[in-house]
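In what follows, chain A forms one complex with chain B and a second complex with chain C.
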Partner chain A sequence: MSIDNIANAVATPDHPQPYRDLGVKDDEYQRIRDILGRRPTSSELAMYSVMWSEHCSYKSSKVHLAQFGDKKPQTDAMLVGIGENAGVVDIGNDWAVTFKIESHNHPSYVEPYQGAATGVGGIVRDIMSMGARPVAVMDPLRFGPLDAPDTRRVLPGVIAGVGGYGNCLGLPNIGGEVVFDPTYLGNPLVNALCVGTMKHADIHLAKASGIGNRVILYGARTGGDGIGGVSVLASETFDADGPAKRPSVQVGDPFMEKLLIECTLEVLHAGLVEGIQDLGGAGISCATSELASNGTGGMQVWLDRVPLRDATLSPEEILMSESQERMCAIVPPEHVEEFMAICRKWDVIATDIGVVTDTGRLVIEWHGETIVDVPPRTVAHDGPVYQRPYHRPAWQDALQADAPTAERLPRPQTASELHELVLRMTAAPNLASKSWVTDQYDRYVQGNTVMAQPEDSGMVRVDEESGLGVAVATDCNARVAKLDPYHGARFALAEAYRNVAVSGAKPLAVTNCLNFGSPEDPEVMWQFAEAVRGLADGCLELGTPVTGGNVSFYNQTGDVAILPTPVVGVLGVIDDVDRRTPMAWAEDGDLIYVLGDTADDFAGSEWAHEVHGHLGGLPRPVDLAKERVLGEILLAGSRDGMFNAAHDVSDGGIMQSLVEMALRSNVGARIWVPRDMDPFVFMYSESATRAIVVVPRDEESRFTAMCGARGFTAERVGVVDSQLDTDAIAASTEDSSNGSEPAQLLQLDNVHGETIRWSVDELRAAHLRTLPAVLNA
Partner chain B sequence: MTTLTGARIGVVTFPGSLDDRDAARAIRVAGGQAVALWHGDEDLQGVDAVVLPGGFSYGDYLRCGAIARFAPAMQTIIDKARGGMPVFGICNGFQILVESHLLPGALIRNDHQHFICRDQKLRIENTTSVWTRGFEFGDEIVVPLKNGEGGYIADEHTLDALEGEGRIMARYLDVNPNGSYRDIAGLVNERGNVAGMMPHPEHAVEPLTGPSLDGLTFFTSILSALASGVRA
Partner chain C sequence: MARVIVDVSLKPEILDPQGRAVQGALGRLGLAGVTDVRQGKQFVIEIDGTVDRAKLEELAGNLLSNPVIENYSITIEQA
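For the complex of A and B:
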């Protein structure tokens, strides 16, 4: 069958086109015809369909996301804002940092290993295309129940994919999340965050400027992977002997990506590149139209020059292919030879496929025939925008009314019950050690990892001379977001902000990955609208601008949407990573303080979820002004050496935080329940805006004075003590064959008049056993 | 003869090398001068010793190290190593040395089938090589381990010979993380100039970024050997 060129499209205006199968709505198809003044060619239809898809155009979310710009706080830190591949933040000393999260949820369900691997690959290329060297990755992940059979299919594949790709790229994986909830069973969330660093002068943008500059495609050959829906077009042009259906999930080659990183940084640093763009979703369609739309405005492309893995690919498929590990650079003609030489050095294929023009049109030829002739802006930026209807779900009131009161959910009453509860919670899937996962990630490579999981944030050194570094944390309690999407998003923001501050870094900027169900469901759309409003308001209140992010819709199984999951990433800066605050306490006699107020807050808590399978109530809104004060205290205390350790209090409350600190250090402590407080509430309430800090005795008065001056609650609840096990010490001195250290104990006093103790070893055993018990079975 | 600070140690970058900058940093921290070498160059720029760094050379889609062994730089390194030039292969570098037949045996997929990253305890059992002469026999050290194919295997005869000749440089302690025969983490050749180890000493040279400073001794060992003119 002949190629559907422009002349053909003009000559056959009534030729029926399968636009609906490509997800293009009737009115959208008409709009394309109006823009072009004729029917689109099949190649143009392919481009519009993918660029106007939800994934590429943000057509349902755009009207809401505008708030991130409208409510942007005043800051000098932002060098490049929303709209580029990733935002760029100034961290001082001429250094800049770029970071962003993206989702790869649906591919990871279909093919966990490749879906997750290419999720990492995609976000890394986004960071690269800003001119930065990628320096770390993090992965916020959500799965169905740990013991569900499909989780055992999906989770190991996802972890192996994240590790297999990231490890092979030489990027330390410094943190993230692993959360289990039934709503993710048929729709896991695989979000990937990447951080990159660069000098200010190295910042590059995706634009094709300078008439006569060459368009160079470099990296992997283009194959038929990830072409998904466009196969309906391909079936028009393929005869019966054509290749069989190809996988819709892309396949990654991390080795090629590693070469691409080194090659890209070399051509950028050599000053050879005018503009640069990675090829991700929508492949060449996206890269050419976005580069042209952002630049001088015109581009001529010879599509038949694109190096192929599969010579039978149709032009529509080449335009749509999501083959991984490809980049597109705009290179002045005088630099082309040098550019090509660097690519040859790295064994990277590079091809001159086009030229920047002044026509204002994106023109694509295929063996001498013009198959695309469009205004690039109409493809890349002027896609449809929807005002999706939304309304508060009818069930929201009942959900919020179902509060987890002591009457509704029985609480442990005795010291013995609380003793048992701690062992159970320590082993609960959402609170248990994630080392089964993180031990499969290289956290050391590049030699700049100062903190990695299970610390509160991941921290990397940026400048070896000065010790300048950045910390990043991602968080989201999606149960709280379900109960109240507006406050849930603020809750997630507050937690990530706190996790950065608690490690001694000053929070600077925010990225997000907004994972929701179908935007066509007005109740889901309401959750989305509320979450965006909450996050935008919250960022304004905390003074941390949103620099970019990602929206993932249609995360649902049948009619059942996932918990609304607005994952928030916060990036902070620390002048000298040597000053970081770790989570492990160590010094005997150091005082353990809880910062912040503990109330009876169990709505959306891990305890209600784990013990009662309950989700209901109205979470107390997080007070971000107070959160900001907490952040100031954490930073000042870190700067002035008042803390030997600190840890966020969130899922699993104070008790879980104390257990984690004891496990991290393998040192015990004596804790007491404050007078007038219910032991259970003290242990497991999830009131926001709290942290545990460990203060040397000689810093105590300065510390309490600082908190007092700011009107912030600081309550002493314990002391680090490695010598609690006096019986064991006595025994070991009598018996010289037993030269072991005294057993480390975590002791809790004033529990209904009693004392409870756990050995750190038994807590560790409980903490470590949960994931291996299921995943190694 | 070179001074301690003047010794020049090359670090080869293959396509897919990842820990090359880290090895160079460790050399610098130990007081040496790191020289970047390119896999495509036969010329070693007159370096006194060579480190083959960790990573996934050529993606390791074939057997790990199997392609890197044919790189032009490796031809020179193999020749010079046979003449006594000190060479240390870390992780992928160890795999390359085994593929180059400079060290015996093979490295296969971890017995548990997963990539593993952990702070690994090791016991040093050879203190005569130029890479380990700064250790005391039996020293217990902790350095990061991170690999997917770190299971050391060799036939019984070879293993017996390695043990008999004191060529097992380091053994895993507490946990055997990958199923290596006889807990072997690293070994040296007969002459003591070529050493290979799966764990990463270059990631244990700074208090901020490593679990210990134990890894530094490998690098100070070679620098002091070079400075004092010790020949393997």
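For the complex of A and C:
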């Protein structure tokens, strides 16, 4: 086989090249020729094609994402900002935390188990390449309708993949989301978040500096898996005729990844490494060009030294392979021996494949022939940037005009209809218990998990002595984002912020995973631009900087795009995890307060979706200044011991939150609908900026004074009560005879002059049955 | 009567962590010179009457194997 080397490329300028098949546009190809002053070799074309793909170059999103930097709030917490593998945040006591979300949507649709598993593996390597020890993962997931046949193919595989990889690594999975909507049917969203911790001195960056330093590839051998996956899998839409296209997918090996984590942390802590980079999408192409571009600027690589799993791979394939569990380190020559010894100890193959130079060129040789000779910046950072046209969709006005008023969507009128509705909503797929999913994840391995699903946020202890810990939550109501992408993104931010604050942690920083349809559709592009603008504005208002994130475009089947889904992750810090606020109430007599104002807000609500299959209206914009005050109240109340429990109010409104608190504690409560309020609106409105807090009686005056001083609404709506009069229910149910323990009841008074009751057991049965009924069938 | 044997193995370009682990163990336990191990699974299906080859191919390709990462081969032994 003849190799297309530089001399050959110069000699045959008119040799036709299959650039279009690699996703390179005509003008992009011309630009490559202009940069090089000749046609690219096939290896160079492979590198440019994969690095200039949407997935790696952010060519459609870059111009918008700049706002995250431009509107960055002033904060001392940020140690490393956007642009590195992951941002790093100071949490005090010399500890730093890094966290990031990435998407693995398309691979997970093609091969659910391996797609989801390698999604976890990829984000974990991102975190460890910053020098951090991964301590927890989370997975925001979105699928088609629960009962759709393809959901039954995709969902169990994805869950098993997330669980299988994370459990083998020994990383607790502390939260995330599982959401169902018809638009995700041909395009599930599998996002993976990882959190890592480190001491300040251990922060590392991906750059290759120091002339003469060695380039060492270590980890798994390179095979033919996922070749071109990054450009083909991540940047092309699935055709309606489905499974015909079966690109080779990557298969992960979590045990190898575990060795890689330990090996990487040891070489970093031993001070042997100048720069480090994980190999994810675009493999060696990405690692070498990014390291060189960030560093001194030159690198010489001998590609034939790369250890292979399949000896027949061509150099182009080696450059593009996405084989998992590989890393690349820049090591000064005097440390190479020690580096190699540590790799041997961990049974990790390590190979010296190159050297840092001062030529300003990335030169790659294959058995003595030069096959790549490019300025690395042009590959890694100076890719094409598109100002994609965008415009507000013509249908947006009609969508927003279709408000879910009482006239448009019939509402339950009587106490008995509301009684029924609660049982139905408790069992609705989006509100039902996700324990079928989370029970497959190890949530407590490593012994530092303080909170995990179904709590509002996942919380892990970082420092055993002081109890210093971090809490992370991810959220997005994509229906609201569809109705108004700008406010939808702020809604998601506010909810994640609140979920962190409600558990007693101070929100510090934001990551995001922006899942959208095709950027070539101006209407989708408008959704994206609006969502980014909303998130950037929101982060500025809340004082929480964006530390990094990920964009996933082309999430659509045929012409139908997914709901715009800007998933927002917020990380917060808590000085002592023992002071966290749980969601379960416990003490009889504790007072149940709703913080915030409840209005008639049903646009994008779970009720409209579940009961009427309706999506329309204009959501009331979330007031982030108010959200910030709510956060302060939640933190101050937690710190001063005013709360025995707290829970966010979002999907499914106050009623759903109360049900979840009762189920979590297995203790009943008496609730009353505030005077002058419609019971249905009280129960299921999804007004933002609200939380439920449970206040001990002797803290009540201090609590109400605190809220009053800040001008924040706090309304007492109930009391925890495990001893509610059970006679009424005992008389009407058959198993009244075995009553040593009183049945726990949730009671709602003042419902059109009546009282409604549910036993906590019947609510639990409704809550638990939905997912198993479909997925175990 | 026919006995149908369906062998399912990972495609050659797909990483086989289990095979790797076995390869390591074989070496440790004294079998020298092992350069590669690939593992798979085998279905032995007894069928009364004639074999519907087309149906068999379809099910071997979609149910018995994962077409994204696995290959299969079918052997039919007539009794």
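Definition applied: the second predicted complex is superposed on the first by the 742 of 777 C-alpha atoms of A that agree within 3 Å, B and C clash if a C-alpha of one lies under 4 Å from a C-alpha of the other, contacts with A are read in each partner's own complex, and residues count from 1 in each chain.
Heads up, the rule we're going with is that contacts are C-beta pairs under 8 Å (C-beta built on N, C-alpha and C of every residue); 3 or more make two chains touch, one makes a residue touch a chain.
Note that the structure is predicted; figures quoted are calculated from it, not measured.
Chain B and chain C, once both complexes are superposed via chain A, fit side by side.
When the two structures are aligned on the shared chain, A:Val577 is found in touch with chain B, with no touch to chain C. When both complexes are overlaid on chain A, the residue A:Phe255 reaches chain B and chain C alike. By the document's definition of touching, of the two partners only chain B reaches A:Asp439; chain C does not.
By the document's definition of touching, of the two partners only chain C reaches A:Asp310; chain B does not. Centred on chain A, the angle reaching out to chain B and chain C in the chain A superposition, using CA centres, is 60 degrees in steps of 10.
Look at A:Gly224: by the touch rule set out above, it reaches chain C but stays clear of chain B. Of the two partner chains placed by the overlay, only chain C lies in contact with A:Gln114; chain B stays clear of it. Contacts of A:Thr296 after superposition: neither chain B nor chain C is touched. In the overlay built on the shared chain, the residue A:Arg461 is in contact with chain B alone; chain C does not reach it. Legend: residue contacts after superposition of the two complexes on their common chain; A:Gln656 is shown touching neither chain B nor chain C. The partner of chain A that touches more of its residues, comparing chain B with chain C, is B. Think of it this way: put the two complexes on top of each other by chain A, and the tightest Cα contact between chain B and chain C is 5 Å.
Residue overlap on chain A between its contacts with chain B in one complex and with chain C in the other: 253, 255-256.
Of all the residues in chain A, the ones that touch chain C in their complex are 110-111, 114, 220, 223-225, 243, 246, 248-253, 255-256, 309-310, 323-324.
For chain C in complex with chain A, the touching residues are 10-17, 20-21, 66-69.
For chain B in complex with chain A, the touching residues are 15-16, 18-19, 21-22, 25, 54-56, 58-61, 114-118, 144, 146, 148, 200, 202-203, 206, 208-210. Residues 160, 163-164, 167-170, 253-256, 258-259, 346-347, 438-450, 461, 464, 577-578 of chain A are the ones that touch chain B when the two sit in their complex.
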